[in-house]
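Each of the next two complexes has chain A plus one more chain, namely chain B in the first and chain C in the second.
Here is the complex of A and B:
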């Protein structure tokens, strides 16, 4: 981006979750469900001495994208690291289930999930895990009818069980600020040692798990500038793309345009290539790009 | 974590609902709903213990400055300084009077 472009654009990353949802929906169509005035705060946080948030860190908004019915689920990364507990998780899972139900009733509701999350909220443990499993099931159900588009804009990134949710999406959009990984850097450092993974080494972390690398290795489908208008346009394109696979296609017959999670065999082969040759060396970003090459 | 409650004299109930802020580091969330005529109640949940007198001083200054509509206010604080508290309240009061409060027209109708 030029200086002029940087100054004139509206950043998407700097927007809060509610404003991000609003930026993606057609003007005037934003309608929040299970919102901050509905008394759905976490029943568990205050008992553990943690201040709750009125919407439990998840915004669910119905509206339209390019005139088509859509639901946007946005996670607020600033609240408890975007962690998902019982209430916030149920809001996303419920919204996905209702969108699938819409489709079964002839209303073509499509979905966008704005990931900004470290995964399960540790204070809510199994309830968060259960909610995330329901989110996974909800995405797989809905994506048969309409695209479920995931966005990782930054700055928290997307980790834990919600990184699996990102992998299940019909399409995934990232920016340069985004990070995507099953385990967060601090967790890997704690488990594997600082010699293997230094969580303070930002170029190293972004080199392996950053949006640019994830796009280059085919684990994300679009790489966009941090620009609210550009983000809206890309999301609108993806969310209104026709769903290729027939609704009742057997899960074990993946085609080249099947969902990423159905092409797991191609990914396993790439990992086999690595372990067959020199698994004694830690992969660097360039090696991962060579191994993954073009999107399988 | 500590919970505090304050009450101030007020006018007629506020016309709508407003939400500003986020429960993020050094910030706070202010949730405003119409109150019962004559009284504004403020429930503060703060992550920092022992600052009841500072909250009292800051809120008393804000709510004695000029007469305001009756509100039921919930504050979820994650270590905001008094300055940030003042700015978030000012933002909320502005949204309360402006055209694009969260909840908007639907909220006003519900409360009417």
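Here is the complex of A and C:
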């Protein structure tokens, strides 16, 4: 990228959730639903000494992308680490359900989810978990009709049950600032010990779970510069892609036209290759690229 | 449960799968940690699936019944095989997830190879089966924790649980949850006593409306003949309830006393949805 391009671009990562949603929608079409003035705050946080927020850290916005009806669900990483509680989780699940219903009624609403989340909000534990199950259900339902595009821009990343949601998306976009993993580094260190996973070793963690590695190993479909215009263009391309067309085959499976979450056989083969030879050795990023097939 | 205290394994999942399958053979083609059996249940074909401990797993962080890489993708294979087998059948076989999963697998191998994608495959498979018309039931006989439950059980049309202290649903073990929220375990337990979604026990969980039914049994760890008959009867009633339900989504879970905000959000979204 040239110096002039760096000066002129607008960072996407530095935008808040509401501004991110606005940046993806056609100019003048952004309309927020269940917003901060609708009185929908977490009923559980205050009694635990946490100040609730009017939008509960999730923005749902309807609008258009390249003229087509769209809903953008954006998680605000700055509120409680982007964690999902009852209200924020219900916003995403409910919006996905309504988008699927639109499609059953002939309205081709497509969806974009902006992940910036540690997963379940532990202060609302089981209601966050239940909402995430409903988000999974909503994605699997809607993606039959229209692409559900996930974006992990950074800097919180995408963890916990919402990393599973990312794995369900029709297509996934990451930046260099993104991280994607089921378990957060601190939790793995707590559960498995520092020898297994050193949560303070940033190069180690980024090497295994960073956006560049996830793209190179096919666990994400697009690797985008931190540029709001570039992000919008990539998202617009993906939400207009035909449903069920593979965007970035994660393991070489030339005959497969299935979504990534349907390619269990190909992944099992790769894990079998790993366990057949050297499961005793911990994998490094290069090994995963070899097994999963590096991008050029 | 952490690295220093060691882990106990639970045999409940295997025990209930053995009881409900009446000695039917395990289907081949799955790792030892994923047991699959096809049976007749309540006059209907059913596929039983359980994740069980495998002390010899090649993946050392998934030897105590955790749902890991092999388990996630193998669950997907087991469910999709049932979908494919019934593709042209009017009556789809039931799929019964027997849930006794202490956690997802926490480890370096797991993150490196994308355990989130493995669990996504499993969740997608169960959701796809449900949408295709298979009655999907989760039977909670032990722990149903976090990502493991999301991958194996939480996409079911109906969730049934044994009424037993060993049956727990939660997002994270207490020690890790305390560390992540910068609290002591004692503080966490104090909140759990007054905040129903934070509680670890089944009675509080039931107030959230996510369980279709709880089932009293004599021995949740080693089912008696009476227990087997009781659970079989409840499974049959769950199947009938699903068959009578015109909807294949998860809306039957939204009615809980302690889930009013969930309903308020959906009502507000629906009222504002149309442009």
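Remarks
We adopt the following convention: the second predicted complex is superposed on the first by the 281 of 296 C-alpha atoms of A that agree within 3 Å, B and C clash if a C-alpha of one lies under 4 Å from a C-alpha of the other, contacts with A are read in each partner's own complex, and residues count from 1 in each chain.
Everything that follows uses one rule, which is that a residue touches a chain if its C-beta (ideal position, glycine included) is under 8 Å from a C-beta of that chain, and two chains touch if they have at least 3 such contacts.
Because the structure is a prediction, the values reported are computed rather than measured.
Once the two complexes are laid over each other on the shared chain, residue contacts for A:168 go to chain C alone; chain B is not touched. In the superposed pair of complexes, A:199 makes contact with neither chain B nor chain C.
When both complexes are overlaid on chain A, the residue A:240 reaches neither chain B nor chain C.
Residue contacts after overlaying the shared chain place A:133 against chain C, while chain B stays out of touching range.
Once chain A of one complex is fitted onto chain A of the other, the partner contacts of A:16 are limited to chain B, with no touch recorded for chain C.
In the overlay built on the shared chain, the residue A:123 is in contact with chain C alone; chain B does not reach it.
Partner contacting the larger number of chain A residues, of chain B and chain C: C.
Using the contact criterion defined above for the overlaid structures, shared-chain residue A:37 touches chain B, although it does not reach chain C. Judged by the document's definition of touching, no chain A residue lies at the interface with chain B and also at the interface with chain C. Contact residues of chain C toward chain A in the complex are 1-4, 58-59, 61, 69-70, 73-74, 76-77, 80, 103-104, 106-121, 123-125, 127-128, 130-131, 146-147, 149-151, 154-155, 169-173, 175-177, 179-181, 191, 194-199, 205, 208, 210, 249-250, 253, 258-262, 264-266, 268-270, 272-273, 275. Within the complex, the chain A residues that touch chain B are 16, 18, 32, 35-37, 46, 49-54, 57, 76, 78-80.
Against chain A, the residues of chain B that register as touching in their complex are 1, 17, 19, 22-25, 27, 29, 31, 33, 45-47, 74, 76-78, 102-103, 107. Partner chain C is touched in their complex by these residues of chain A: 31, 33-34, 38, 40, 42-44, 47-48, 60, 62, 69, 86-87, 90-91, 94-95, 97-98, 119-120, 122-134, 136-137, 140-141, 144, 160-161, 163-168, 180-184, 186-188, 190-193, 196-197, 208-209, 214, 217, 219, 250, 259-265, 267-268, 270-271, 274-275, 279, 282-285, 287-288, 291-292.
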